[in-house]
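In what comes next, chain A is part of two complexes: it sits with chain B in the first one and with chain C in the second one.
Coming up: the complex of A and B.
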């Protein structure tokens, strides 16, 4: 029943279904979307209202919260009062004094309970001194021990402000680029092999792999565009990576046009192979060097974090790497079908003439 | 070396035999500059730099299209027997780079005649321009090799070469903008090095790939 060479096609499909299922159904970790008020003065007693996302504030046991200053200084909330699952109000009595001489302190809100686990909202509250003369005393800040935190249950994707649910696009947008680059490498390797052997089979392969890579590039732009609409509020920005991809796509679309010219087969194959190699080499500074030299809105540029830390934690990795593999295998499958079609077509024409 | 200079001289002789074509390219650039002058009347630094490079790009495209297209198939066969491909491509590249440089200088003269010369940092400007022109000439030579012996040669030529030239163009426009003091950038040296790096990569690739192209 299962034919030879079928296992990788099947595994590609299964992996992609796994990514689709997991990437779309696994919930995000709880997080805080907004805090009110956002600033306070020393000595105030404040009612801090936090609005959460994917949280279970109303039904939790043993809920606690802190306003944290740094690794040793924090104050604990006096009560936990919530009407529904997404809203909670804490009362904090802010000490009269600041722990050291700075005018404004950003305080981070830490919330911990048994259902949601512990999570942090950085720079939740800006605390400034109520008096002109700065007096500082660390004692009221150090007596609140943070203690043991609860872990959240099950697999959840990280909650990142601004990104929110769109973090799932990592499995499609980013993975498409990785798969595209793998396919391009295959294409250029086959082009080199064509030049050294003059076997049309390699020309067909190079062309098929490059074509599917261009298709992936277009999908990558589309998914990126949608993502940008939700995070940067625009479909297209003057970002260096966007410009460079646009150029790269133009170069490869020119390749497709060149490959479609009405030359004789030998010449067409040779020119296409040479152009493909040249284009690939021209792509390297475009994709790997210039974007690294300029600021970009993308992760990994201009001080933004890249594939690491909390942006790609182990839960995302569980789907991100399989997604690259799945997309690559599906691309290889499509390329294989194109190659077979082209092979039959060439064979047919050869017989006819 | 001697043979390279011979091929180079041959190119020069062939070019001067077709005085009309040569004059046509220079007249083309002069006309375009005059058109720009009449359209804009007053040109700011930004527009000046953009127009300079756009005109250079298209004039260069017109000029280098014929660097391989102009010759007949029989002549090619003759060359094939006569020269080593490495010597031929070196001579062609040197010729095209110098030709594009000459074209650029003439466009620059026309532009400064009609529209002024707003460059504040000539050293950077000419450094960046010469590197950029080298890169453009290399790419155009390479693409004209691919697009030769085909009726739709010049369309294919612009389709293939413009995307390849775009990154060089972006770096060039930035370097020009810095040398015109339109923007200030302390890391402009990096861009110049980048341009030199792209040139080196392109040059290496063309030299490696030329023998394969040459076999037809």
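Coming up: the complex of A and C.
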């Protein structure tokens, strides 16, 4: 059943199954979705209610929490009171004075316990000074016990607010673009080889690889659009990266039309090969250079940090790189099928004429 | 041809269905996609890739069938 040359096709399928399994079953790290109240005045005693995601608050024996201003100013919660796994209430007695005279301070909430590990909710509480108090600091700002955090257990993907579970799209949407680029490189290499040898086999290969790459590009646009709807709240923004990839795809669609024209085969192949090289050269500034020079919502563009840190940590990389390889191998497989079909077709019509 | 007309009908019907579905139901669908940490958005993304590849393979299959018929007629 397994023929020669089947191993890379099977490994593509197995890798994709691995990505699907891991990408969909590994849980996210715990995080905080909402905080109530979100603002307070100095000197208040507040009951801070936090709603968590993937947290295990009810089973916690040794839970601690802090409101942190900076590396030296923090307050520890007095108690840990949780009704269920996702809701917890802390009592904080806020200090009478602020470290300096600025009006409003954002405080970060740090939660630490033995099952979930430590995690931060940035800008959880906005603290403003109640101007009439001039008394001395009854409860001082300390950094008591801040540190010595627990580690979370097992492999978990990073929790990012707004992104939430859609961080898993890194394996599908982002990997799709990387695989597309690999396939386009194959296409342009075969175009160059056609020009130097005038062998139609290379023309067929270039066309098949570019076709599947454009298909991947269309998937990339569609999946990105769906992802954007639920994170940026719109199907399409004026983000440079979106517009530039749309232009690049239109350039490649023109290639497909050019290659599909009913024309003298020799002229068509030569024209398509030259056009493909120009399209590839146009793609690089459109996708890699221009989006980095202006504002963009994508990571790695417009002053945003490149993929790394919490956006692509080692747990995500475990599935991101295999996913690129899997999608590339599946694309290569489909391209090979197209090449075989075109080869048979060309031979048949050549014999007839 | 059969497949093309099927696709055309499907698209036409889908447009009608989208127009006929009340706004509240559409909003509910959006809420569903946002529920449990927006996990269903990931499902939609995977479905797009799978359906897209399936459409490409069906088209290739049809082209192959056509070529096979041509070759059969020649012999």
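Worth a mention:
Here is the rule we go by: the second predicted complex is superposed on the first by the 338 of 353 C-alpha atoms of A that agree within 3 Å, B and C clash if a C-alpha of one lies under 4 Å from a C-alpha of the other, contacts with A are read in each partner's own complex, and residues count from 1 in each chain.
The rule we apply is simple: contacts are C-beta pairs under 8 Å (C-beta built on N, C-alpha and C of every residue); 3 or more make two chains touch, one makes a residue touch a chain.
Worth saying up front: this structure is predicted, and the values here are computed from it rather than measured.
Of the two partner chains placed by superposition, only chain B is touched by A:258; chain C is not. Judged by the touch definition given at the top, the superposed model places A:172 against chain C, while chain B stays out of reach. By the touch criterion stated above, A:244 is placed in contact with chain B alone, chain C being left untouched.
Of the two partner chains, neither chain B nor chain C is touched by A:69. By the touch criterion defined above, A:284 lies against chain B but remains apart from chain C after alignment on the C-alpha atoms of chain A. By the touch criterion defined above, A:275 lies against chain B but remains apart from chain C after alignment on the C-alpha atoms of chain A. When the two structures are aligned on the shared chain, A:20 is found in touch with chain C, with no touch to chain B. Across the complex, chain A meets chain C through its residues 20, 24, 28, 53, 164-166, 168-169, 172-173, 176, 212, 215, 218-219, 222-223, 226-227, 229-231, 330, 334, 337-338, 341, 344-345, 348, 352.
Those residues of chain B lying in contact with chain A across their complex are 142, 146, 150, 152, 156, 159-160, 162-164, 166-167, 170, 187, 190, 194, 197-198, 201-202, 205-206, 209, 212-213, 215-216. Contact residues on chain A toward chain B in their complex (touch as defined above): 195, 243-244, 247, 250-251, 253-254, 257-258, 261, 263, 267, 270-271, 273-275, 277-279, 281-282, 284-286, 289-290, 293.
The part of chain C that touches chain A in the complex is made up of residues 33-34, 36-39, 41-42, 44-46, 48-49, 52-53, 56-57, 60, 63-64, 67, 70-71, 74.
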